[in-house]
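Lettered A, B, C and D in written order, each chain numbered from 1.
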Amino acid sequence: MKTLKGEIVANRKYSDNLYKLEVFSPYICKNAKPAQFINIKCSRQGSDDPLLRRPFSIYEIDEQFNVFSVLFLVRGRGTQFMADLRKGESLDFVGPLGQPIKIPENDSRFVLIGGGIGVVPLCLIAKNLKSIGKTVHFFAGFKDEAFYTWERDLIKILKDYKIFSENGVFGEKGIPLNYIRENFSEFKDHHFIVCGPLEMLKQAQSFLKDRKVRAIAIMEEKMACGIGACMGCVIKIKNKNNGYSYKKVCSDGPAFDLMEVCFD
Amino acid sequence: MKTLKGEIVANRKYSDNLYKLEVFSPYICKNAKPAQFINIKCSRQGSDDPLLRRPFSIYEIDEQFNVFSVLFLVRGRGTQFMADLRKGESLDFVGPLGQPIKIPENDSRFVLIGGGIGVVPLCLIAKNLKSIGKTVHFFAGFKDEAFYTWERDLIKILKDYKIFSENGVFGEKGIPLNYIRENFSEFKDHHFIVCGPLEMLKQAQSFLKDRKVRAIAIMEEKMACGIGACMGCVIKIKNKNNGYSYKKVCSDGPAFDLMEVCFD
Amino acid sequence: MTDYFSDETGLEVRMGNIVLKNPVITCSGTFASGIEYSKFYDVSVLGAITTKSFSLERMAGNLPPRICETSSGMLNSIGLQNEGIDYFINEQLQEAKKLGVEIIPSIFGRDLDEFKKIAYKIKNIEEEIIAVELNLSCPNVAEGGIAFCASAEQVGNIVAATKEILHTGIIVKLSGHYNNISETASAAKKYGADAAAVINTIPATAFDIETCKPKLGNITGGLSGPAIKPVALLKVFELAKENIIPIIGIGGIMTWQDAIEFIIAGASAVGVGTANFIYPECGRDILQGIKQYMRRKNIGDIKMLKGIAISNIIKG
Amino acid sequence: MTDYFSDETGLEVRMGNIVLKNPVITCSGTFASGIEYSKFYDVSVLGAITTKSFSLERMAGNLPPRICETSSGMLNSIGLQNEGIDYFINEQLQEAKKLGVEIIPSIFGRDLDEFKKIAYKIKNIEEEIIAVELNLSCPNVAEGGIAFCASAEQVGNIVAATKEILHTGIIVKLSGHYNNISETASAAKKYGADAAAVINTIPATAFDIETCKPKLGNITGGLSGPAIKPVALLKVFELAKENIIPIIGIGGIMTWQDAIEFIIAGASAVGVGTANFIYPECGRDILQGIKQYMRRKNIGDIKMLKGIAISNIIKG
């Protein structure tokens, strides 16, 4: 991990509030692994407001051109700042951060379920799984049209995917978990990797737990340092004695065993 | 005075740290008078750091195109923000602020002395004096090369000027006040208007006072509200009883009788 | 959508004997007597305006520079420059009244006796004002000011003395500087105050590393603006939890979102200060935002919003 | 230009019995035990690092969310999550020592007795550390913490007890929250502390206006970052003026300019906290900037810079 400055190669608008920021960085392209993230300074040089860096999963890595990207939704001050960045400007970020996801070597078939912006880390994971010859089914669910044009990125990674939208404006109407429920026999010996809103993770946990399916969750929490030094970004993880302990999303995660995450 | 948004028509770089920002604003062009200023928000919309607006004298008014300009030196965070503004972006400002300078009607000959960025308000004043048929001598003194190319603006206003630089890299070597001292007989019944660093104002005061010359000073002080509401921007002004009282640069000034300003 | 808010319905705020038509007021020292800001908008939309603090006699104020910017904040060391209470009463009040907004004169005495003298003067104009604010927390004066807040007894005495003289509403302006704000607020309540304005600026300073001198002529000043909002919110929240006295929440309010945050933390009304310097129309805009928020959330009366974060915590 | 600074000459700082090779240290809780940051730069350039506060037993810490950003600042409510002092002594110390930087363990007890017990454990590693910091000012714990600072007597007792057990330097970490910081600092000095670290985070809070709940799991937290710098500077300045005890100035230091500002206000050394989160290499950069400033100003020894703003004020 390093503090880096990378030239912005492109900032592509996918929809009203979804952007893909492409950044030149040989260091990240060489060192970053799936599920890792970077911590972006979202204020001008010399300004400290907004103060904290913002964490973003690494979305794509183009090793040929040494360009990686992050895909982000505009939510507040930091992401608005990012949306306003222009080609040629410099991005100040720290990375790669977090533990690379540990792919269970013995499993060969994977189901990836992404909810909303949760699809981001799954894309790099999917690409990686494919490259090592695993079978991957990708399910993505969205609330609204923000991701309408995003399919063009997904289709480059794999063909076996299904996109759902709650209101049916694009893809199939519904949510991925319902589809999985209804067609569970197809997936029962797959390894699941899920990323998305807490409610989705919670439902996935309870559904998969009953069926004794193994699953990895990619988690989020508010961060300060992003490198494991401040104890700010903890979530509750079950431990052996039926209790829990706090684990750091930034340095113990962001990938955790879904069954060990406490949602309460 | 109003809170305004004006489209930036141009942001011209005069030298490393001197810029001219041209802004479209019919309201300012119609209402602003010499010595008045505007108060610029130097942070992105939705950001409050830097918090306070920055005051800048109105430099030029182009009534035909409804464009006015400010000429500014990059000093700190606010002016760096301004230097980075681009054509087409919107400037958030309040104005016109301050009292228009009161031109003594009976005097017909004026000496204007500007030190450094202090030349800015004097340019609009000079233009105004010329337009009402007064005689104007303009003296400008600079420390370094920042204003090297600025002469092109001045020459459009009047021909009777002298530019000095302390090290002689451009214009004449020296400072305006020395020139005035040496050629005082020429100017002794002129009305003086001075704007520049405190040290220059102080020297001008002591020199002119001894010679019973009337003079106006354009003053600066740190501001919060810019409209006379906070009592933040006061300077000491002599009153009748040999004492002083605090006057507000923003709403009582920025023009004051130089002889009444207390420098201590 | 229910149409509660075609008018001001549901915005009225009662704090003891003080009734405001809506919860947005401007803070002392940041709005003068309203005249400057009336050039920007019709200030009669505000719940009230609080004037600059007036003292018994004219005060010259502190040495400049008096303003210094800090990260998301500013220091001021005005030192209560004002023309004295007589000037307010004789010259300024009538002009301010023309703005059509309720007026809360803020007053400052160096000691109990001065407060009494000012109160007697205010008595003559009681009909024309909605309340009086006792500034017991200015960090920029050598005598009185913030030091009053060190002792609940002192605060109680000044309130009691004022209460004896005046029938109008009484607001105490308290400091977050001391750790006894519950006691001072309780004393104020006990002796007759209707509301507490919380908080004043926080004592602070800044130095110039080139001259190696203080950036303020007065050496120290008071910190205001967004930087202090989290600190102010905690003071309001802690006072409101104890339900001692109605609170005017103050500190770093720039937007309607900030105002709502203070109200859900327990403030009955909010005071907008430093924000006026940056956004001259912010009082109006904050009020507008509050109305829209209430409409969106289907909240018919601002009272239902007050302290809702406290009840949510208690509910768990 | 005189070449004072090819090496570290003129940067050494003495605070009581504590000698630091330079004035830049990192703050407790923001630098863990240095290992994470050593991936960014050679932390042995620092004057010292202060560890996260360790308690007698493992502490789980507070409910998440624990972090919330505010204007030019942040709130944290970590609640001293740590693995306990034994873990530090047995597992972490040796690894940290490898970084080649002086180590100041920060310790936290819920009461006098716990502080004593921890001190006895520290005794075994006294040779390996440069000083111990007593955290008497954490705003995020139910017992002890900031409450210690309410009473100079309590502070004195804890210092005295620690001093009896330990020979290493003692730093007390004080809060700016109470208004008795001169008294607590005096008590600390009297009973044997070598330096005071001033200030810890300022109690504060924030609410979410959509959920109408606190933004922190623990409801309240501590404010740090640039927002608090002017408040911290005033505390340092006031303490330094009274010349009670050497001070480590802390609060919102992001740049070398900020560090210089604390030093001219009277701090002997500076603690860098929140800044590490945003600029992982800031400790190194701040030190570098101090050196360059001293060279530019022709200041041969940092002692000559310390409190220079105070002397300038006295000179008038």
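Quick note on the criterion: a residue touches a chain if its C-beta (ideal position, glycine included) is under 8 Å from a C-beta of that chain, and two chains touch if they have at least 3 such contacts.
Keep in mind it's a predicted model, so treat the numbers as computed, not measured.
When A-D is set beside B-D, which has more C-beta pairs in contact?
Answer to which pair has more contacts is A-D.
Comparing centres built from CA atoms, which chain ends up most distant from subunit C?
So the farthest one, by centre of C-alpha atoms, is A.
Could you put a whole-Å number on the gap between the CA centroids of subunit B and subunit C?
That pair's centroid distance is 36 Å.
Taking the mean of the C-alpha atoms as each chain's centre, how many Å separate subunit B from subunit D?
Once rounded, the distance between the two centres reads 46 Å.
Which subunit C residues reach two or more other chains?
Each of 71-73, 225-226 in subunit C touches at least two other chains.
At least two other chains touched by the same residue of subunit B: list those residues.
In subunit B, 48-49 touch at least two other chains.
Classify the chain contact graph as line, ring, star, complete or other.
complete
Over in the complex, which subunit C residues touch subunit D? Could you list them?
Against subunit D, subunit C makes touches at 70-73, 75, 150, 177-179, 202-207, 209, 211-214, 219-220, 223, 225-231, 233-234, 237, 252, 257, 260-261, 264-265, 293, 308-309, 312-313.
Once bound in the complex, which stretches of subunit A touch subunit D?
The touching residues are 1-3, 41, 48-53, 94, 221-236, 245-246, 251.
Which of the residues in subunit C come into contact with subunit B in the complex?
29-32, 36-37, 39-40, 52, 60-61, 64-69, 71-74, 76, 78, 81, 225-226, 254, 274, 276-281
Under the touch definition given earlier, write down the residues of subunit B that touch subunit D in their complex.
48-49
Going by the contact rule set out above, which residues of subunit A touch subunit B in the complex?
Residue list for subunit A touching subunit B: 44, 46-49, 77, 80-81, 84.
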